[in-house]
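Working notes for the structure below.
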Amino acid sequence: MRISLLSIGLIAAFLTLAMPARAFEVEEHHRFGNGEARTLRILSTTDTALLTPMIETFLANNPGVAIEYTSASSAELMTAIMREKQPYDLALSSAMDLQIKLANDGFTQAHRSQAVDLIPAWGNWRNHVFAFSQESASIVVSPSAFSDLEIPRSRQKLITLLRRYPDRFRGRLGTYDVGASGLGYLFATQDARTSESYWRLMELMGSLRAKLYCCSSDMIEAVARGEIAVAYNVLGSYARAREDLANRITIIEPDDYTNMMLRTAVILNTAQEPALAGDFIDHLLDAAWNSPIVVEYPFHRYPTTGTAQNVPFRPIQLGPGLLVFLDHLKRKRFLAEWRSTVQQD
Amino acid sequence: MRFLLVEDNVSLATAVLDRLRMDGHVVDHATDIAAAEDFSATTDYDLILLDIMLPDGDGRTFLRTHRSRLIETPVIVLTARSEVSDRVGMLDLGADDYITKPFDFSELEARCRAVLRRHGGDSSNQRRFGNLVFDPLAGTLSVSGNKITLRNKELRLLEIFLNSPDRIYSKPKLVDRLFSYDEDVSENAIEVYVGRLRKHLTDSGVEITTVRGLGYRMSLV
Amino acid sequence: MSDPLPTSGSLRRRLTLQLVGSAAILATLLFFVVLAFARDTAQQTHDSILLASATSIMDSVSVQADEVTVDIPYAALSMLGNVSDDRVFYRVSMRGNILTGYEDLPHTDQNTSSGQSAFDTLTYKNDGIRMVTLSRRLSLNGAPADILTTVAQTREGQATQLAKLSRSALQLGLGFFLVATVLAIWTAQSSIRPLNQLTAAVSRRGPKDLRPVKRPVPSEMIPLVLSLNQFIARLRTSLTRSEDFIAEAAHRVRTPLATVRTQAEITLRRVEKPENRASIREMIRAIDESSRAAGQLLDHAMVTFRIDSLERKDIFLTETAKELVDRLQPIAELKDIDLSFTGYNCPPITGDAILVQNAVRNILDNAIKYSPNDTTIRVSTQETLSTVLIHVEDEAGGFADMDTDALTHRFTRGENAAGTVGSGLGLTIAREVVEAHGGTLQIETSKSGTGACVSLCFPLV
């Protein structure tokens, strides 16, 4: 099965050359399935490999269907859809704010189904934006660096630790460069909105000359290599996925609060197969929210009890509030403040 | 006996008066209610015969005032109207009896007697002749204290004779007085009743003699 | 009599329909008023949130280092998201230049320079939006700068809310209508009740009950009841007139006959010749016959008249019979007839006492009339399980030579008119009265065999 899919992938790679030229930057392009009748075109920020098992089960249930899966960065995804109006059916993205903007600005269409009803209320916006995963903003630490120290389980404890042992962690901290990473920006703005301790932590990290990264995987690997001891606001799902590094990293979901990023799907207005796109969304939603848990689902399933007080997991709220941080003046101000805090020299 | 006849039909009234007087009664005659009320206010009557259709009103009006004055004099109403509707009203208003016109005098006499009897005629009604004591209301005859109850025809016959003793009554006259007109009787029937009466009068000192060719007469022996 | 009357619709239905109709109009009105109110309220609520959002954005506009900046608070837009899942648009501009937000968001036509907020309902990105525009003057480099803040939201949530409110308004209207309908039916029922009660009271009346209606009625019904009473009075007068007419007729016939008879009688006293006497007697008998016939014919008319509207009252037959025997006693005595009565108190039958009395009297009259002198007439009453009987037994020779069935049949009016007037009609009257009371008249030969026994048989209720 895998072999056949790989071969299909290669064929798909060839086919890509035949596709019209794209102005936006594609990371990966795959064609799954050999169906001729209908083709579902997905534009996604999610690594192809992560979703491959889900795609395979979908194709197994829908004979005669093929899926073209294109992965790109969230910014490129926006360019492809908003500016270039590329004819994709479905957009899967971890950039919640951008997905909301797509829906708010009228680039998406509504979808209703039984699977949609499975989603908790906070995971569905206007029946346009559907959450199909919960992924934590985690702290990843190197267990070796904490051999003689207690691993901090909250921001406050991390701050205390950093203040107590500044020399030990100087230059050995890492976080997203919020100017470069959309996800980093999302996590940072949510942190800033949620707790004052964020700014104290950033100030402290700046003073300890924290390194800035473009993406979660770089931070995970840096921790695994022992270059840094603490990486803040790392996408938990990616850390969890690196089973090969499991003994060299420790994933912390802070128990004061843990922001939950929701990976979301939208059906685009330009969709040529909206019904098929809906079916694929239902397939994802069913795996994400229905029981029993299916093995192909690549993400950890958190309880869906929502935003109850005693649960640290806080799903980032889908809605127009996210548009605030996309405001260019707001962003400019926020980035300026962030830089002045983190990049002190 | 003293009767008051209230009747506006003169010929009928005359006939009734004749007949009643013939029977030995004293009868006053009123032709309207006003006169009747005058009579009844000044005289005690033993019986009032009252016509209901009178020139100055309904006889029932008289009857009502009469009864309201608590006068106990019995009243027999003479009516020519339908019996079905009038009967109850008459009796309810306090009439003692009524008779429908035209009536047979025998019936009128019978009714008068019945009414008077019901009102308990006193002993002043008794008549004596020789050693006979006759009570026409009770219908009894005593000969020397020996009391006999007479049958109706015998009683009537005796009453006729006693009204005018020594007078000769022809057979036809007696038939007229004794029988109603719808009874088909021969004059010989009189002989039967005279015979019966004679039997009751045996040993009484009173006898009924046959006057050949003329009739009968009652006289003391 | 029971022919259905043509109707001009039902009063109750008309009343009900009118009330229900009014209820429907009121319910519709209520629905629209509530809906308009709900729409206004929803709009006002929405507007006030939009205004709050716009105000908080406007508040974040500041001049820093000679530059106008806007720091949109998270709450400014998230508050809109909390109300509904509607799309949100905003724009901040200065002197016509866009500072931030949606450049193509439409501009309001209203004048906002006065510091007033302007609300517009427009279409943007293919969707209906509600938009608020605020204006504020800042000082920039010593010069005034007008800042315009616009916040808009699509109206799907409002539409959903309105749909929900319309449903509630509809339910309210329907509920009102249903309750009003029930009340309308009840009202119609109770309004019509006095009419029904009057109808029941009038139809419950006996045939002879011609009293005016005295029960209290609603004032609207007074004219009807007055007319009804006038009608009853006219009917009463007319009935009385009929009875009076018959009574008067009897009077008119009998009075002259009485006169003639009296004259004849007086004449008879003066006449001696047997031939003349015989003819005068004959004359008197003829007068008696015709007077009796006239009397019976009129009695018969009265009986027929009364039978048409038979009264139903308790009658004690033993009392009736005893009373009649007493009354006829003098007549019986005239012929030395022994008229006797035996009987115990029987339960009452129901009927017209005058008619029953008349029937029994006719039988007794006949018995006395046809009985020879010195005979016996026995009157008795008898009670069986379901009937009360009056027997009149005489010794007048009876109808031994006749078939009693045929005899009963003989007493029809037509044959009697031609036959012996007196007896026939008397029995006919008796039979008609008994039959009108649901009973039977039987003629049998008496037990002794010397006469007839006439039995009037009345059913008990």
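We just call them A, B and C in the order they show up, numbering each chain from 1.
Methods note: a contact is a pair of C-beta atoms (placed from the backbone, for glycine too) under 8 Å apart; a residue touches a chain by one contact, two chains touch by 3 or more.
As the structure is a prediction and not an experimental result, all values here were calculated from the model.
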Chain centroid nearest the full-protein CA centroid: C
Farthest chain (mean CA position) relative to chain A: B
Interchain centroid distance [CA atoms averaged], chain A/chain C, Å: 83
Interchain centroid distance [CA atoms averaged], chain B/chain C, Å: 61
Inter-chain centre distance, chain A versus chain B - centres from mean C-alpha coordinates, in Å: 143
Chain B - residues contacting chain C, complex: 9, 11-12, 14-16, 18, 53, 79-88, 97, 100-107, 110-111, 113-114, 151-153, 172-173, 176, 180-183
Residues of chain C that touch chain B when the two form their complex: 243, 246-251, 253-255, 257-263, 265-266, 268-269, 272, 274, 277, 281, 284-285, 287-288, 291, 295, 298-299, 302-303, 306, 327, 329-331, 333-336, 353-355, 357-358, 361, 369, 373
Chain C partner contacts - residues on chain A that touch it in the complex: 103-106, 125-126, 193, 317, 319-321, 323-325, 327-330, 333
Interface residues, chain C side, partner chain A - complex: 69-78, 80-82, 85-89, 99-102, 125-127, 156
